[in-house]
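Submitted below is the structure of interest, expressed as C-alpha cells.
Letters A, B and C mark the chains as written, and numbering starts fresh at 1 in each.
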Amino acid sequence: MKTIVKILAASFVAGSALSAVTVMAQDYPNQPVTIVVPFSAGGPTDTVTRLVAAAMSEDLGQQVVVQNVGGAGGTLGAGQVAAAANDGYTLLLHHIGMSTAPALYASLPYDPMTDFAPIGLVTEVPMTIVARKDFEPASLEDLIAHVKANGEDVTYANAGIGAASQLCGMLFMNALDTKMTEVPYQGTGPAMTDLLGGQIDMMCDQTTNTTSQILAGEIKAYAVTTPERIAVLPEVPTMAEGGVENFELAIWHGLYAPAGTDQAIIDRLSASLQKALADETVGNSFAELGTYPVPASQATPAALAQKLEGQTALWAAVIADAGIAAQ
Amino acid sequence: MALNASRNDLASGALFVALGGYFALEGLKYDFGTPFRMGPGFMPVVLGGVLVALGVAVAATGIGKPDAEAAPAWPWRGIALVLGTILFFAATIRGLGFIPVVLIAGFATALSSSRNSLLAALVVSAGLCVLCLLIFKVGLGLQLPLFGPWLRF
Amino acid sequence: MDLISSLALGFSVALDPINILYCFIGVLLGTLVGVLPGIGPTATIAMLLPITFTLGPETSLIMLAGIYYGAQYGGSTTAILINLPGESSSAVTAIDGYQMARKGRAGAALATAAIGSFFAGTVATLLLAFFAPPLARAALNFGAPEYFSLIVLGLLVSIALAHGSILKALAMIVLGLLLGMVGQDIYTGTPRFTFGVRELFGGLNFVAVAVGVFGVAEILRNLENEKEREVGVKAVTNLWLTKDDIRRIVGPVLRGTALGSVLGVLPGGGHILSSFASYSAEKRLSKTPEEFGKGAIEGVAGPESANNAAAQTSFIPLMTLGIPAHPVMALMIGAFILQGITPGPNVINEEPALFWGIIASMWIGNLLLVILNLPLIGLWVKMLTIPYRVLFPAIVLFACIGTFSINQNIYDIYAIAFFGIVGYLLIRFGCEPAPLLLGFVLGPLLEEHLRRAMIISRGDPMIFVERPISATLLGMALLAVIVAVLPSIRKKRNEVFVEED
C-alpha cells in the first residue's frame, strides 16, 4: 500500500519540480515571498519587518509574508534562512545580532559573512541612556560623575547577554572605565517595568521602547547614542556633548537572502527595499518609533556588506574585552 | 505478589530520584555562584537535591502498603506506534513535506489501536490528511511545502 | 461626569456596526483556531495577527481583543473535551473539566466556563474603566523580592491541586521547576541541560510539555485496557446547568473574579497564578474537597473566572504604562505600533476614542463570546461522539502540526514524545500532571526573581522580610503551610490516642 502512496507522491512531485524549473529571475516574484524574523512576533524587529514587508508587497506585486522563527538570540532563524533555497523566496531581516553572534555562539552552523547575500540596510534605531525618574544626577555630566563615584552601587538593567541593551552598557562602562552592577531581564519590557517602578537605576534601550516613556516624564533621559541629536527627543544631548568620545551605537537592521541568490533577484529586492523605505507611511511609522529609514544609498548590498564586516570586527573585540565566553 | 510495598510509589520515587539526580549532577558543572550573584548552577543543584529527597520520601511511604489494584497491562503497541509516529513526524516533516508525513503518521497512529483494521487506518489517515490540509494549509496558511525537498528529483 | 462621558465615547466607538462585525469575526476565528489541539491563545493570536493589519486602528485592535477572548475560550474547550490544555491556565480547567466530560457533563462544564468567563470579564472591565491608572501605579511597587515571595506563596498554596499524595504533588512541582531551567541562563548566557542543541537554548516549549504530559499520556492511558472497554465519554446527559449546579458555582465565580482581577494587574507573572490560586482556594473552602479532581464543577467555575478576570486586568499595565504583562500583551504592543500608536502612558490622553473604545469593546467581545458559544456547546459535545479510535490519531496529528507551526522547531515535537512517555509513566504511578505544569511555568520566574532580588540587595536575604509587601506574602505562605500541616498532625494525634485506647 505504501508503494501506491509513493508512486502517487512521486508523480505529484514530478509535476511540481517541473514548474519549479520554470521559475526564472525574469518573472520573479511569481509567488509570495517570506521574510523570516528571527525573533518572536510583536518585538521591535518584527514591527520594523512588518512595516517594510507591507510596503514591499505593493512594489513586488506579490504578498510578502513575515514568519517568526525565534530562539537562541536570533541564530535559529538566521540558520534556517542560510540553509533555505536561494531562489529569492526566503529572506532574513535581522538586526545588529547578526554581527555579534560569531563572538557569542561557539558553534554557529552558518557564517554571517559568506552564507548570506546582503540586500540592504533598513533602519538604524538610536539608543537612549535612561534612568528612573527620581535618579539624582541632573545632566549627562552629573550622571558620568555619579557613575564614576558610585560604581557598583549603581544598578543597570539589560535584556541578557548579547542584547542591544547589554552591548550598550558594555560600551558605556568601557568609556567610563568603571563597573556597574548589571541586572539582567528576560527582555527590555520587564526591565522597563522595574525602571518605571524605581526598582533599578539605569538602562540603555532603543528609542522604540523608551520614547513614549521619556515624553510622558515617566523616566529620565540622559543621552542619545547617535552622532547627532534626534528629532523626536531634541532636548536630549549626544554622548559626545557630554564629553564621551567614540560612543556611537545604533541598532541597525539589514535584509539578507541566502548566499548564491541570482544577482538580478538581489537587485530587484534592493530596489524594492529602497522604494519601501521612501514610502511616506513607512517613514511616519518609523518616526513614531523614534527612528528613520536609512537613505537609499544605504539600502544597498554594498552598504550592508560593509556594515556587517565593520560591526563584526568591532563586537568581537568589545565582547572579548568584556571577558564573555562564547557558548 | 511477594513484594510488600507499593510498586507505584517505588517506581515514581525512583523516577524522581533519577531525574533529580540528573539535574543536580549536571547542575554541578555550571557555576554555583555566590549569594550576591547566584550562578546558573545554584537553582538546579538545590532543586535537584530537593527532588531526590522527595523521591526517597515517596518511595519510603510506599513500603508496607502494597497497591490496592493490580497494574494495568502495558500498552506496548500504543507506546511504540504513538511515540514512533511523533518522532517520525519530527524527523521527516522538513524533508518529506506535509502530505506524505501526515498520511504515514495518521496511518501509524490509527494502527496503535487494536480496534482499527488496516482498512480503517487507511481511511482515517486519508480523511485526516484532507482535514489537516484544509485547516492548516488553506485556513491558516502554514508555510510548509506539500512535498519536501527529499522527494524532488 | 468625566468617566460617564468617556465610557459613552467608548461605546459609541465599540457599537459602530463595522466594529461589532469585526469583533464578532475575531471572537469566532479565535474560538475556532483556539480549539485546535496544540494551539493555545498566544499561538492563535500570532497566527491571526496579520488579518488585522489592513483595518483601521480602532477596528483592528477591537478585532484583536475579540480574537484573544475567543482563543482563550477555545483553549478551555479543548482542555475540557480532550484533556489538552493550550496554556497554563487551562491546565487547571482540564483537571475537573475533563472528568466532568467523561461523566457526560461536558455541556455543563462548557456552559460554566462561558458564564464564569462572562461574569468575570464584565467585572474586570469595569475595574479597568474605573481604576486603571491607580492600579497600575500600585503594581509598580512589586519588585523582584515581592514577586519571589508571591511565587513561593503560589507554589505552596497550589499543593492543593493534588487529589492524591501531597508528597508526589510536591515532587511534580519541583520536577516542573527543574524543567523550567532548561535553556540559556539569562544572567550568564550559559546553556543548561540543552545537550548542545541550539534549538533548546530558548527553553522547552510550554505547549510541547502540556501536549505531552496531558494529551499523549492520556492517549496511552486509554490504550491500556482497550480490549476490555470502550474508552471515551459516557452518554451526554444534559447540555445545561441544573439548579444545583448554578447554586454551586456562584461562590467560586465571585471569588475567582476577585482573585483574578487582583493578580492580573501584576505584570511580572501574577496572571499565571490566578487560575491555580482560585482552584486551591475553592478546594480548601469546599465542604467536599474529595470531589475535586473527579469532576467538581467548582473546579471549573473558579479557575475559568479567575483566568478571564486576570486576562482582562492584565490590559491595565499595557494600556496605562505601555508595559506587557505576558506574551499576548507583547503581541498587542506590536499591533499597536503597526497601527502607528506607541503604547505608553499617553495613550489615554492622546487617543481617548481608542482607549475607551477598546475598553467598551472588551465587554462587547465577552458578550458576543457567550452568545456565540452557548449554541456551539451542542456542536462541541457532538464531537465527543466520534469514536475514540478515530479521535486520537486526529489529536496526535493536530497536536504535532499545531506545535510545529508555532516556531517551526522540530525539537518541540521531539519534546512532545519525551514528555508523553515521562508523563505517562508518572501518571501510571499515581502522580498528577497539573502541578508539574505549574512548576514549569513558575520555575524560570522563581529563579529570575530570586537572583535579581539578591543582586539588588547585594547578597542580603533580609530583603525578603524587610520589604513590607514581600514580608506579608511570605507570612501568608507560612500560614498556608501551617494550615495544610495541622490537620495531619491532629490526625496523627488522634491515631496515637486511638492506639492508647
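Basically, a contact is a pair of C-beta atoms (placed from the backbone, for glycine too) under 8 Å apart; a residue touches a chain by one contact, two chains touch by 3 or more.
None of these values were measured; they are calculated from a predicted model.
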Q. Which chain's C-alpha centroid is most distant from that of chain A?
A. B
(Q) Just to be sure I understand: the centre of a chain is the mean of its C-alpha atoms, right? Then which chain's centre is nearest the mean of all of them? (A) C
Q | Rounded Å distance between chain B and chain C, as computed from the means of their C-alpha atoms | A | 22
Q. Taking each chain's centre as the mean of its CA atoms, how far is chain A from chain B in angstrom?
A. 36
Q: Calculate how many whole Å lie between the centre of chain A and the centre of chain C, each centre taken as the average of the chain's C-alpha atoms.
A: 32
Q | Residue list for chain C, restricted to those that touch at least two other chains | A | 187-188, 190, 408, 455, 458
Q: Check each residue of chain B and list the ones that touch at least two other chains.
A: 143
Q | Touching two or more other chains - residues of chain A | A | 67
Q | Of all residues in chain B, those that touch chain A in their complex | A | 99-100, 103-104, 118, 122, 141, 143, 146-147, 149, 151-153
Q. Which positions of chain C touch chain B when the two form their complex?
A. 33, 36, 47, 165, 167-168, 170-171, 174-175, 177-178, 181, 185, 187-188, 190, 192-193, 216, 219-220, 223-227, 388-390, 392-394, 396-398, 400-402, 404-405, 408, 410-411, 413-414, 416-417, 420-422, 424-426, 428-431, 446-447, 450-451, 454-455, 458-459, 461
(Q) For a test of understanding, state which residues of chain C touch chain A in their complex under the given definition. (A) 46, 49-50, 53, 140-144, 184, 186-191, 196, 198-199, 201-202, 267-268, 317, 321-324, 327, 330-335, 337-338, 340-346, 407-409, 448, 452, 455-456, 458
Q) How about chain A: which of its residues touch chain C in the complex? A) 40-43, 46-47, 50-51, 54, 66-73, 75-76, 79-80, 104-105, 107, 109, 155, 160-162, 181, 183-186, 189-190, 192-194, 196-200, 208, 211-213, 215-216, 218, 284-285, 288-289, 324, 327
Q. Which residues, counting only chain B, touch chain C once they are in their complex?
A. 8-9, 11-12, 15-16, 19-20, 23, 26-27, 30-31, 34-40, 42-44, 47-48, 50-51, 54-55, 57-58, 61, 71-75, 77-79, 82-83, 85-87, 89-91, 93-94, 102, 105-106, 109-110, 112-116, 120, 124-125, 128, 131-132, 135-136, 140, 142-144
